[in-house]
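The following pair of complexes shares a single chain, subunit A, combined with subunit B in the former and subunit C in the latter.
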Partner chain A sequence: MVMFRLHPRANAAVPAAPVLLCIVVLYVTSDYVAGDLDGYWTAATAKAVSALIFIAPVTAACAAWEAGRLRRAKVGDGTPTRNGWQIAAASLAPVMLLGFLALATALAVVRLQMESAPGWPDVRIIAAACVILCAHVALGYAVGMWLPAVAAVPVVLVGDYLWNVYPPALEPLWLRHLTQPAFGCCSNASAVYPGAVTAPALVAVGLAALAVAAAAVCRRTPRRGSLPGSVPYWGAALAVVAATVTTSAGVRLVDGLGPDAIEARPVSDLVCADPRGTRVCVWPEHASRLTETARTVSTAVERLRRVGVSPPEVVTESGQRPGTGQWTVTVRQDPAFTDQDLVTSLTSDLTVILVNSPHGDGRTHCPADPATAAQRAFDSQDQLGVWLSVRAGRSQQEARDSTDPRIWAPVGRVLGTSAASQETWFQDTLVQARCMPR
Partner chain B sequence: MSVEFATCTYQYRRGPVVLDRLSFAFPPGRTVLLGPNGAGKTTLLALAASALKAHSGTVSFAGLDPAVRSQLREYRRQVGWMPQHITPAPGMTCREQVAYAGWLKGMSRREAWDGALAALDRVGLARKADQQASSLSGGQLRRVGVAQTLVHSSRLVLMDEPTAGLDPAQRGTFRKVVEELAGTADVVVSTHQTEDLSEVYDHVVVLSDGVVRFTGTVEEFYALAPQDTASGRVADGAYTAVLGGGEAW
Partner chain C sequence: MTWWIHTRRLALLTLVTAGFWAAAFTLGNSRLPLPQLGGATSADVPFILFAPLAPAIALNACYGTPTPIERTALRRVAALDSLLAVAVVAATAAVAAPVMAGWLSGTDPFAAESAVRNLALYTGLALIGRAALGNHASTVIPTLLALVVSVFGYGPEQTAHWWAWPAALPSDPLSWAGSAALLSIGLYQTARGDFPRR
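For the complex of A and B:
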């Protein structure tokens, strides 16, 4: 109670809290954030932490306001026995608390939107977000010490927001990885690129060093005693060096990274089962559907074997090294994702594997005109995909309903013929599909 | 034990030298600091409070030198200071502002919170404890300033113009506060109010142009007044005599 009366009651964080928390909840429930998490905590953490685009500017603006209060109260002109860190910390603790609360809210709301989520949030991403949050609050405090609150608050609010949202609109693409941790991370098949978590934290440390130096050299900053002689200037120089070093290190970590901070997810994460000879592996988020997936996939593999497709050694959710010995399949937590969808994803990926697999067919049978060859190859690949899905267990009715009638027509015809005719059609269509100009 | 200045020099940036190698010690007890505008009273008190740092020379109290970094904290703990201008902390009530001042002086939050109400009570503002400090009149704000110096236990209390803007009743309350402090702390008050000096203060110091023109007991000060001075004007007469008759308040 006393703590509340002495510092936070009149703190800017108190009126800002409901507004910020509402914004965060609206943001993390939007399709952009909650659309494709599928129980994967790393993706969920990255998406929740992306709420920093709102949390950082608001908390930094609160910090600027608090610095303005200290300025207006002329605390810096007084004779406190507490040092500058303690005085700043007392004013900024509620602001920091609001930032952490907003991050926790984002994580909690994201969690509520997932069916189930084995494991825990990614601590590395959260730690980086906390470092970034602290840096932005420090920056807001420093700006608030130098500028009157009426200027500092809007400058910090708008400037900080732009700092967060503008880099993704700029080239080179890796610029975005310097301001937000785990930007664009991740689908289930990918893991966060560690450098893209460390880099924005390093840049934030540099920013924080500059902010502390800027606050330290400001005459209005409350502190126990004035800094002796040239210390502020040496401190400022040191902060510039620190910011340069950390930013350079951050750039080195993400230089060359694409738009998303991702890398292949380790296959060691996979959870596997071996029913009836075909090993089936899924990501841990889908472990609850492993039995069902293994049963459906094994049945599909057996059906496809009967039409001449060699069974694989493993069917996996990992997209690494797909081939005739390793097929891929997509699984979702969503109960609306049915066995039929499993079979469709399996055969869709299989079609690409078959078309791209090494073969002895020449290209003499392909149309000479590249455009015609491409059109025929595309059509053949689509027909092949639909035919394989039906032969693997998908209902004809569903296949017909979800397929372009132009593609379905030859598939529907061949499905009514004998097994031998279908196998011949399969081989011929596969050869046509391989006519894609290279 | 008193605050001592040893060859202290202070000059504001791009301004004149306010104190030039001043060597002087405030006497213990209750001391009133008199002097014309621009004499250096505020600068002297700010130096004693360690709000300003002497360009040369030393300030010390109870063996502590605020220029020595390791002694500054303890020095400030022992010295309370009420500046000339009291600024309300935005958004804070009177009690919160006084408690915050106590917290800045090193008190725990609990001590500061409890002590704030007692300090406000001493200056007659307990009823305004939960009122926004920014809504107070100038005189009330000045009393909040006094409460801020009382909330923590100092051994030396420095007050710069604490009675400016106070009505007679409030000045009476202030006198009572100073009397109560006598047993626990040395008090130095800079003021233009010279009535009842003998009832409140033990000593008088007169500063002019950065030079201490007089230091002594109130009786010694009064004795400087010309013989024909009217009974209600003794302090004014003594003051004029100290300054050589040419200096106005």
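For the complex of A and C:
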């Protein structure tokens, strides 16, 4: 028995495919997605599946159009030999294939924009995206059964698009995590919050249940035989209960989240090296730069030790538990991110650690006026950061070129003095930087 | 005439159009922050870009697919269809006129003027689509235009590109002239249904 008889040429997915794929490629190569991928697959997967804002409406509209064709053909009024599921599947299989192809294209284009990407795409995020895609296709099919194609296609296209793109503009902030998996994920130092992957999939399951029930109770839906009188009512009630339960569960999973679906990345992911006493750890996607990073960081730590900064036990990319014993450094895959940038990132984080570290000086030297104290503290912290970066190995020329002349002037003066004078200036400036009103 | 009124579902069209007026004059100036791929880093797209799609879609949905019997009708059914489209746009203009003239406070003239212009544009495109693609696919054209403008229509200064008429400021004469031209073409294409076929 022939289960399916596909007619790809006649399916709405075929003319829609080139347009959708072009938009997906444009989107994933735009700054929204390609801006900061940096080889981290979880972030790259989240950004690639954000193309659902275009994929879901287009596939749902194709499903609505296919439903309209079945409606116009009055298949439901005849005596179909296949059941409703098989008839719908034959119409929707090319639409689903288009959706999966568009998702795969988004992932492939994102991968092409990464220098290197150890590991694999995040399967959880992809699975959630597939569930959402299926739900939107089912919803498009149901709307297409209830409304004529002339109304169903535009209603689904615009309505689904707004459903996907508008929640980030709404309060409360967690609303955005109900429509898109792993929204706002992630910098290298963060991992995706699992609840924000499950929640949109749960909401999608509820939507799909409502869509199946709506399609089932529509008298135009093709089916073999007819439903017993009470079945549509029980089915509809069951779908409403399922949608309520899944949506409530989804809301419970994300109602504590802020704008981004992130949590701290496990420290166990770090890759470490121990070249000259200081342990240096980077994320796996930066492992190719570990040797270079370890060498630069060790040199910088040694230079800073000579001006009175105690060396740390570990320098790591993880932002967890920073302190005098653990400094942080930022690494990028991009070859344009040089040793000088490494040193600058190291000393800018170090400056904050030094200013915030416990000290016994009190605030006796601070100006009484909070505004004056804050202004002086900000200036001192900036000067300290520039001075530390030069002492750690950054070239004076580059530091001068990239610094506000007002900040650079005292730093440039002190860099020309003796080591003892510089150490005194360092301690004095640190005391002033600690005058920041708390 | 009774049959024409019955088959064109004027009650439904009136309901949708009235709903559109209420939404346009109350929410018309609210803005949706949508992703931009046309050069803008971000742009707040006005609600009035999408709202006029509703009466344009309802109009074509109420027309339905012309039945063969209309070819033999004594009355000029296609001309009546054109007049119906003109009536929807003209009624919207009449309702918006006091707001555009500044006689009513509390409602933004931007929304009223954009509502009239965009309704004319979308209606014209839907009518052209009806003549070119058939009734079922007719509303896809104005819908795609609205979506394309919302995604690609804004440039680096967050202002609409010259071709993005639905997003243009009401003071842009090209958007008004283009919308009026497209509406005229759509009305003519619809009225041609009464002409004998070659």
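Please note the rule applied: the second predicted complex is superposed on the first by the 432 of 438 C-alpha atoms of A that agree within 3 Å, B and C clash if a C-alpha of one lies under 4 Å from a C-alpha of the other, contacts with A are read in each partner's own complex, and residues count from 1 in each chain.
By our rule, a contact is a pair of C-beta atoms (placed from the backbone, for glycine too) under 8 Å apart; a residue touches a chain by one contact, two chains touch by 3 or more.
Quick caveat, the model's predicted, so the values are computed rather than measured.
In this superposed model built on subunit A, subunit B and subunit C occupy separate space and fit side by side. Contacts of A:336 after superposition on the shared chain: neither subunit B nor subunit C is touched.
With subunit A as the corner point and C-alpha centres for all three chains, the angle toward subunit B and subunit C works out to 50 degrees, nearest 10.
In the superposed model, A:420 lies in contact with neither subunit B nor subunit C. Legend: residue contacts after superposition of the two complexes on their common chain; A:153 is shown touching subunit C, with no touch to subunit B.
Of the two partner chains placed by superposition, subunit B and subunit C are both touched by A:72.
Of the two partner chains placed around the shared chain by superposition, subunit C is the only one that A:27 touches, whereas subunit B remains out of contact. In the superposed model, A:87 makes contact with subunit B only, not with subunit C. Residue contacts after overlaying the shared chain place A:225 against subunit B, while subunit C stays out of touching range.
In the superposition on chain A, A:368 makes contact with neither subunit B nor subunit C.
Between subunit B and subunit C, the smallest C-alpha to C-alpha distance in the superposed model amounts to 10 Å. Common to the subunit B and subunit C interfaces on subunit A are residues 68, 72.
Listing the residues of subunit C that touch subunit A in their complex gives 32-35, 37, 41, 50, 53, 57-58, 60-61, 64, 135-140, 142-144, 146-147, 151.
Residues of subunit A touching subunit C in their complex: 23, 26-27, 30-32, 53, 68, 72, 147-151, 153-155, 157-158, 161-162, 165-166, 168-169.
Subunit B contributes residues 49-51, 53, 66, 69, 72-73, 76-77, 79, 81, 83, 85, 87-92, 95-97, 99-101, 103-106, 109-110, 112-113 to its touches with subunit A in the complex. On the subunit A side of its complex with subunit B, the touching residues are 2-3, 5-7, 9-10, 68-69, 72-75, 77-82, 87, 90, 222, 224-226, 228.
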